[in-house]
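Lettered A, B and C in written order, each chain numbered from 1.
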Amino acid sequence: MATTALDQRAHAASHAEPTGLWSWITTVDHKRIGILYGSTAFLFFLMGGIEALMLRIQLGTPNNTFLAPETYNQLFTMHGTTMIFLAIMPISAAFFNFMIPLQIGARDVAFPRLNAFSYWVFLAGGLFLNSSFLFGAAPDQGWFGYANLTSRQYSPGLNVDFWMLGLQILGVASLAAAVNFFVTIVNLRAPGMKLMRMPMFTWMSFITQVLLLLAFPVITVALILLMFDRFFGTHFFVPSGGGDPLLWQHMFWIFGHPEVYILILPAFGVVSEILPVFSRKPLFGYAAMVFSGVFIAFLGFGVWAHHMFATGMGPLPDTFFSLATMLIAIPTGVKIFNWLGTAWGGSLQFKTPMYFALAFIAMFIIGGLSGVMHASPPADLQQTDTYFVVAHFHYVMFGGSIFGLTAGAYYWWPKMFGRLLDEGLGKVHFWLMLIGFNLTFFPMHILGLNGMPRRVYTYPEVLGFETLNRIETVGSFILAFSFLIFLINIIKTWRGPRNAPADPWNGATLEWAIPSPPQEWNFAQIPAVHGRDTLWEEKRARGGKLPEPPRVSGQGIHLPNPSYWPLVSALGLLGLMVGVILEPHIGPWGIITGGVILLFGVFNWAFEPAG
Amino acid sequence: MSDHAAAAHPETATGLDSRKLAIWTFIGSECLFFATLISNYLVHKETWLSGPGPFPHEVWKSPAGQVFEPIIEIPLVTLGTAVLLFSSLFVVLALASAQRGNRRGLLTWLAATLLCGFFFVGMQVYEFTHFVHKGLTLKTNLFGASFFVLTGFHGTHVTIGVIWLLTLWILALRGKLPAEKSLNLEIAALYWHFVDVVWVVIFPVVYLIK
Amino acid sequence: MHLRIRALRLLRRVAFALPLLVLVASACNPDHYPQTALRPLSDYARIGDDIQTTTFKWALAVFVLVEGALIYAIFRFKGKPDDPEPRQVHGNTTIEIIWTVVPALILAAIAVPTVRGIFETNSTPTGDVLRVEVVGHQWWWEFRYPELNLTTANEVHIPVGQTVSFHMSTADVVHSFWPPRFAGKRDVFPNRETRMWFKAEQAGEYPGQCAEFCGIEHGRMAFRVRAQTPEEFQAWVSHMQTLGPKPQASAAPADSMRTASAGAKLQASQQPAKPGAKPTAPDSAAVQQPADPAYAAGEKLFMTKGCVGCHSLQAVNAPKGMIGPNLANVGARSYIGAGSFQNTDENLSRWIQNPQAMKKGVLMPNLGVTPDEAKSLVAYLRAHK
């Protein structure tokens, strides 16, 4: 029976989704939570970008006085912390949230309220960290916070405290989300969706959750020890009491290295979805792609001290970590070749997602190669702590993660919002971003090898760094402008009609089988999965395209109730941490109040009646 | 605990209830947490003897001539360890009762678990105050710092477990923990076993190995 | 006719682009950068540089190959929406094995010299090694020559052709000692010694910088390496050894004075006679005659303004643990403020009057020195070469 568009709208109206602010505050719908994550993260990304522009203005001229040194140090610390914890990770989380249940054929995640909780705690952490600006005490010790600079003696202000406690809050959010997605992927797959039939985005996200679960506890402990040093006078990292600053570095990087794989694997997953769809052939070497991802994650726990080659650990540790780092290049290379193999012999469709996905590969190759150059300690001793490293990680984190996640945004925008982003503006965004990005970061390779160290608020004329710094500053503004184009595209699209089809790209995975945007329950009937690229299989079986899926009534489908207890609990946690910062002024009362609210929220959450 | 999850997801890909899988996942993560704390303790073990004392197993004499006796009281802590181990047995018995709908058995064994939990926490509180009296605080030396942080966080985990089990005991008292809801206890029991296993590692590392 | 217009347009574009290209080309030339790591001047630096060059060549080859394949694929396989479906290939085990093994082989080619280089650079140098101790401070560098009983700051003199072994630590937070022309960097720690060694090949003055974020003025914690011929170095050492304490001759405290006789005595007792060393003149011409009123005024101010509390003026037997850099030869250094500002009278005067304005956060406070007082102090310090 063919339903007319009018009929479809009538069905939708009679079972309209709740609207209004309260519905967003109490939502436990993974799709809404995904949108909350994505929009919040995008705002933080813009903040981090403005911080970067200020850094670039300061560095555009030698001996510049645009920023005082302490301001510069706060801005570069916040830029790094923001981009890693408040931008890339939560944008990835936005996609985990929206797409994982859809890709595995589920109605929601395993723990919808825990999901909401992790978003509110993330927001709390981001607000907490940035509130430090209001105190004039933004973190200023670098995103890596090396001891013993972070000790009370050398960092007496609130800056390090904000960083330390803010990261703890964010850690809770990450851990909560990781438990949730791990269980969701393991337990809520539709019948027939074996692990080796899962879409690549879900696979890479799955591995990311495992990394989160194993890496975050380590930084949690490191931050706890730092907290005890600063608040209770212990000497874990303070040499005068027998402590060792190097211990901080070990602990931090045991977290820090898996963290960079947490940052890149989701983008790997996104690109591994986009390439096949826009090449119109399956991913080359699916099994190798899965196993290389697993191998990278596993090995990623064994290379941490390659961040510490300059510390003089001795030849045996140096050798071990150097060889382990080189080893990791192999599965990474396998992935790049498999992507190439996917495009090779395909019928490449150059839509905006494909542009970004291809640029991802091109940029990541560069970032990966500079990474291999770092793997050798005798060479790395010149490169480390210079702009060469800054070039490397921007190529993998921006050229890699951001380009990949931007590709994901263009790709999944129609599914999430029912509208396709404008192709023309998308291409302008792309070219400006590619050119701006390379102008900004490529010269950094040269500057680093020619003597410019990192984290310096200025440099003298005589060292010759001016020309390339100037070019980089210009590049950074072009890059910033490209995001303005993106914003314009978003706004223009938002104002346009909500008319995207369910499957605009001829996709291979389950999210394209349901309307754009999906109805609250995602699937009217949980689908049965018969193979990899399950939607292509189905289309092939039916001789071509599938009919546009109708919007149906949701009767008989049970959904979890909305709840405000996750928000209350998150507020309690935030209050507790604010109480810690304000303890010198208000005593333990902030901590106690926050703790009580947290317990109150958690208990009510636990005893909330069933839906 | 809410039970809407059971209705919404009748079948799972593994056959395991999602909440059970979740607690195992959380426990996996917590293993890394305690592994880091224990590693920190072991790493700092190397550097202690620069002093000042007191120390767990060794006598230490300060440059001024003050003598610090070893501070660890093995007998009491061994008793606490045994009590904690028994508590794991008791919670297993409580769970068996719950699964069979035996309310009296559930209340009895869960109370026994709780008493053991209270005893252990009490022992730790006593030990901490005893150490402070003998001159060992967080700030005194790296043994103090590492010891208090490691055992303190373990003790916090035990306390959270006690509160959790106490809540369930009160629910059982009110008749709100029937056999169909025994999974709620099973999840708490898994957490409790984990906390116990962590102690089984901490006890020899801190108290027995010199 | 159109062709000529197009040619002219092209030429105009090239003309505009040319200066830009020249600028960029010069910016890519390592000789444009005094602090470059790409022009090694020591045996130690060459170890890393050789590996770097090898790795870079492999990286470049891989880059050209893989990016080339990508760009080729983009053009070759461009499709239209209504093109027929391409061949649905799922993989190719042979190719996948090849492109796993080949990178492994390339990495092995890099790993072998790497491991060799690791052990070489971690070895302990033998032979006639000059020992220099480096102490990092927020935000300056202390250099000590224990065998020569000398202390200086921010400018380290080394002899060309002799291995210098650096034994390094910090007085406060973690810093990193980095003289790129001579060596990759090495972090310095408060609770353990780290080491570096190299044999300089060419005389000259070369910049270096702290390379581990260490607080507000990390950006201005530089230093200079003065590599000198053995004769020049010996002359410098001999001269520095005259900059010791003088027995009390006036109201001023001992450690700010220097005397030729005391210095010569120290030199004779501590230094075995080096072959070819010239005996220094007993009256060092470097010290301005105390008859100069500016010098005398400066000498007094150095005491009354409190400078002496943080800075030592004796290079020999200098007290340890001073908060500020040793100033025994500050007059002769090319830079002040830890390699940050040229050592002109103007800069030195500005620094003395308001160090916070030049290097905010530096531990030297504003001492309320007037411009005239600064003039005297500059004269005094300028005499300390």
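For this structure, a couple of remarks:
Methods note: contacts are C-beta pairs under 8 Å (C-beta built on N, C-alpha and C of every residue); 3 or more make two chains touch, one makes a residue touch a chain.
Every value quoted in this text rests on a predicted model; they were computed, and no experiment measured them.
In terms of Cα centroid distance from the overall Cα mean, chain A ranks first.
For this structure, the chains sharing the highest number of C-beta contacts are A-C. Centre-to-centre separation of chain A and chain B, using mean CA positions: 34 Å. Chain geometry summary: the mean Cα position of chain B and that of chain C are 53 Å apart.
Residue positions 244 of chain A are each in touch with at least two other chains. Contact with two or more other chains is made by no residue of chain B. The part of chain A that touches chain B in the complex is made up of residues 107-108, 110-111, 175, 178-180, 182-183, 186-189, 193, 213-218, 220-222, 224-225, 228, 232-236, 241-244, 247, 251, 254, 558-561, 603, 605-611. Across the interface of their complex, chain A is touched by residues 1-5, 7-9, 12-14, 16, 18, 21-22, 25-26, 28-30, 32-33, 36-37, 40, 43-44, 47-48, 50, 138-139, 141-142, 144-146, 149, 153, 167 of chain B.
Taken together, the chain A residues at the contact with chain C in this complex read 68-70, 72-73, 141-142, 146-149, 154, 239, 244-246, 279-282, 284-288, 310-312, 314-315, 318-319, 322-323, 326-327, 329-330, 333-334, 336-338, 340-341, 343-350, 358, 361-362, 365-366, 369-370, 372-373, 375-386, 443, 446, 449-460, 462-465, 467-468, 471. Of all residues in chain C, only 23-24, 26-28, 30, 32-38, 45, 47-49, 51-52, 55-56, 59, 62-63, 66-67, 69-70, 73-74, 77-81, 83-92, 95-96, 99-100, 103-104, 107, 110-111, 113-115, 117-122, 138, 172-174, 176, 178, 180, 183-187, 189-192, 194-195, 207, 209-220, 340, 360-361 touch chain A in the complex they form.
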